[in-house]
Amino acid sequence: MTTLAEFETLCGKVRNWGRWGADDQRGTLNLIDRASLRRGLAAVETGEALSLSMPLQLKGPQDGSGIPGRINPVRTMLGINTPMGPDPAAAYSDDIVVMPLQAATHWDALSHVSWRGRMYHDVAADAVSVAGAARLAIDTFGPVVTRGILLDVARLEGADRLPGGFEVTAAHLDACARDAGIEVRPGDIALVRTGHIQLFHAGDIHGYHTPTPGLGIDTAAWFHEHGVAAAATDTIAFELLPARCPELVLPLHVLCLVMMGMPQGQNFDFEELSRACAADGRYTFLFEATPLPFRCGTGGPINPVAVR
Amino acid sequence: MTTLAEFETLCGKVRNWGRWGADDQRGTLNLIDRASLRRGLAAVETGEALSLSMPLQLKGPQDGSGIPGRINPVRTMLGINTPMGPDPAAAYSDDIVVMPLQAATHWDALSHVSWRGRMYHDVAADAVSVAGAARLAIDTFGPVVTRGILLDVARLEGADRLPGGFEVTAAHLDACARDAGIEVRPGDIALVRTGHIQLFHAGDIHGYHTPTPGLGIDTAAWFHEHGVAAAATDTIAFELLPARCPELVLPLHVLCLVMMGMPQGQNFDFEELSRACAADGRYTFLFEATPLPFRCGTGGPINPVAVR
Amino acid sequence: MTTLAEFETLCGKVRNWGRWGADDQRGTLNLIDRASLRRGLAAVETGEALSLSMPLQLKGPQDGSGIPGRINPVRTMLGINTPMGPDPAAAYSDDIVVMPLQAATHWDALSHVSWRGRMYHDVAADAVSVAGAARLAIDTFGPVVTRGILLDVARLEGADRLPGGFEVTAAHLDACARDAGIEVRPGDIALVRTGHIQLFHAGDIHGYHTPTPGLGIDTAAWFHEHGVAAAATDTIAFELLPARCPELVLPLHVLCLVMMGMPQGQNFDFEELSRACAADGRYTFLFEATPLPFRCGTGGPINPVAVR
Amino acid sequence: MTTLAEFETLCGKVRNWGRWGADDQRGTLNLIDRASLRRGLAAVETGEALSLSMPLQLKGPQDGSGIPGRINPVRTMLGINTPMGPDPAAAYSDDIVVMPLQAATHWDALSHVSWRGRMYHDVAADAVSVAGAARLAIDTFGPVVTRGILLDVARLEGADRLPGGFEVTAAHLDACARDAGIEVRPGDIALVRTGHIQLFHAGDIHGYHTPTPGLGIDTAAWFHEHGVAAAATDTIAFELLPARCPELVLPLHVLCLVMMGMPQGQNFDFEELSRACAADGRYTFLFEATPLPFRCGTGGPINPVAVR
């Protein structure tokens, strides 16, 4: 268990406010540089490209028990073989969707969370209004392309999937990296696999929601020390749920998004990637996950890709 | 002007039905292979990554004059610094959007268009129903990562932007490739710049819509011969609008999507890329544009990235 | 149990096709006339006006187990005390909603159901397309104002609410009318109370869905013989669910909507009305339930009102 | 022209705060009583019922030039003759809509406008949040049934329609009532016709928006003195646009909604009603316009009905 005082100490330890200049909105994404991209390019061997996204569909993970209004995508048709002109020979089909930006696989923007009225970089929380995020919005990310590394904690533990309530610690991340022969470097993006998404695949939406395995509070410092540019998991909440911090529902959200300015990814699917990495022992790859550039959005749907 | 008979002849010339097996749904994306990806990786020098997307916002290009119901994205908030738990110190913001899948920068899925009741690969048009595309949907694309090439026709013509009604021909594409020193190879993705998006940037939505410069009908054969995996333009309709084919509104859509099975990209923004390529004379790059995997979707929003 | 043959016989018995002229789209709503309205006006004594609608909210009856895409209303804000002009003294708030037309209290339009490819009045089912109902749409209803009668079957049975699976028969309707001293006349609208909505009020959405008490198949002939202009219940499906007709999921829907052209109302709330009627023994009233005039809509949300 | 000081004086003159008790949320709707309803019932002679609503459709009055995000209704299909069960003989069609609550014919809720941080009855403006209106929401209206009166200013002026910029004054309302032989009484609802909606019918959306004829600032006192329960016009803004008050965009909104607590109706269509009233000289009727009960909504769509 982590007390509020301990949490506050951690906040101070990982805080990046001011690190990248007065106008910074990109946080640890600033760590992505030519070197980290080069590492990503150099990691490609077979050229295999894998999508790490959930499908976008009505049967997604949003069963109504989470954030009010976070529904699954409702996609309907604007045209179904509708004639393009007077001659019906040529026809078009077209669709429209209603969807929360964080319904399925997505990045949290840095404006997604505030703590005591402040967001990352000491931006006032009221920069988010009915019009969305005037600062720290998802469209400030720009291209997200760098080296990705898979930290397969389920595999480390010899489990198909980690059980609900399993706390992934900095020690686990170290062990995964060591076993995979990876030296984690600034600008890398860390993909932390728990296998928990198997419950979603099996149709157990309730089980997928909670309790979940997930990142524990000490991983914030680990990400900080290694200069990780962003991190993602195959769970709905990124971090351990319920958290081991009596006074906070999602302490790691505050540490990562508000203090470090580090984007979090949720609902990633690492199952196929895990099998591929295990098969040839290569756990690094070129990783691309540029969000749709919603003006003022506090999150962004993605279809992340690992190129091996 | 192209007659219907000439058009039908062209259809036969570029048709790829059956080329990639009985169950194929990916068309020319099958041409992306290890070699094309390698070319893309090899093209990276500076590591500069550029987004080629329009922003997603209420002030987009859909002014209601196009396909009925194709509105601009309406993004609203589900939470605005809403307390996460009993203690309001930690708070979240969250949003939801209504948007056509083809509202801004996107790929057309192969199910987007039918011709005489058939889609690509002779799939019956009624595979698209109220439930969407049971075949040839956007989620069959998978990762789209390969070499991209910029064919900067506006620059070739010495124009800031090509005027409305300017037909881009195969000869223009050849000239662009030659001038840039590019040998177009199977699996490349061709980005054809007209500069027309400048009208959108200037707020002239009506002018952006029509008339547009765009790809002429003979470019289909050019794409076919060079094994281009997909093509995209910086206009709303991809092809010349109005087309020079009295009996067809969008003939190139039929040729590319239905006959070749070649994805088309629209509303790409090549302005920054054009400047970068012109500055150092390098017109090839690693290109990534994996669509959000909407189940049964007939199109998919993307944030395409060029890594130079 | 009703066999398919018996069902087909019933169809022939209640069919109104052609009864109101070649171009009719309003079915039994044609029975509303000056006399029925007069009866409604004459029934008003105390002037008490009661709403019979469910609230429209995220916590509605659509839990995802019904028709795919029938979600609960998601209402979000377009403005929250947003300044109207340069001076922020005057400010506006404004909202937008995503909602199925049949999410809560509503009328089914006559185009909602087809049987063997035909709708009411022998209109071809394909009059409903991606653009909606070209014929028999909800906006053809026009004003719905006439005498309403409450047939309180739960009260007749001495029950707070009828249990799931309870079939309301023509005999029950006769008994309710007799006990209430009502002579049912052409143009009346019949409100049939089961009390089942109490499960919704208690938060038991699943129980509210199925099994339900509801109108049995023989009530179609009763409505037909009495010239009822429309009928409504306080359940999600109007009719008994599951139905006692092995080959049909919703046989009464076919009889009422397709054969008779009689609008059905669902998810009405009669609890307060029932108490008021029981208190003074008056079961007739002026009834108003004009749907929002959605062009081409197959259903229409309403806030029905009884004026006593 | 009205100065800010004059406006403030008017505010004090018409203010109803506290008039109907400490918990009041219904403002002047409280004036609807048995007597006003009786007047409405007594006004019915022929039994003719007329809808006063615009159709709800994609081609509505919201062209994007007004409040950001106020789009026209986008209605799409969830089912198109989709089989109900294993046997496809019975099939359903179903639809879903995205629409602003104030897109077409509607009531403004009392929470729609605030003035210097306060809403009607001194409720703090921050009762409206991302969750909507915790107080003064549209679902507090309940049934709206009373006597309606048509004040046909266009007819008074001998015009088909009043020109843009025409200010309807208290004197006009008096003259209309006098000519029609109406004694305006507490609880009546006033429908003020300008004929301006003819521009909408003619497809001139821009002209429909602005400039409009409309209610001038002195009508607030007129409504107040006569105890009008609500008022509506056949324009988009209810009041004169642009207003003659240099410092305020919509001064009558503040007077009616915030000070008086009087609901305003917009985009009503009085054309058919005007012809009917002129034909037999009867300008009073039973009026019903109960909004859909959106929880926390700041406005509500309606299909108002006049029964003559």
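Couple of notes before you dig in:
Letters A, B, C and D mark the chains as written, and numbering starts fresh at 1 in each.
The rule we apply is simple: contacts are C-beta pairs under 8 Å (C-beta built on N, C-alpha and C of every residue); 3 or more make two chains touch, one makes a residue touch a chain.
Here is each chain with its UniProt name: A, B, C, D = Cyclase family protein.
Quick caveat: nothing in here was measured; it's all calculated off a predicted structure.
Looking at subunit A and subunit B, the chains that touch each of them are C, D.
Annotation: the C-D interface is duplicated by A-B among the options B-C, B-D or A-B, judged by over half of the residue-numbered contact pairs being identical. Of all residue numbers that take part in the contact between subunit B and subunit C, over half occur on both sides, making this a same-residue interface. Taking each chain's centre as the average of its CA atoms, subunit A and subunit C sit 46 Å apart.
Chain geometry summary: the mean Cα position of subunit A and that of subunit D are 47 Å apart.
Along subunit C, residues 68-69, 71, 74, 76-80, 96, 98, 129-130 each make contact with two or more other chains. If you draw each protein chain as a dot and join the dots that touch, every dot ends up joined to every other dot. Those residues of subunit D that touch subunit A in the shared complex are 68, 74, 76-78, 80, 96, 98, 130-131. For subunit B in complex with subunit A, the residues that touch the partner chain are 33-34, 37-38, 41, 44, 46-47, 49-51, 53-57, 67-71, 73, 75-81, 84-85, 87, 89-102, 111-116, 125-126, 128-130, 132-133, 139, 142-143, 145, 247-251, 253-254, 286, 288, 290-299, 301-303, 305, 307.
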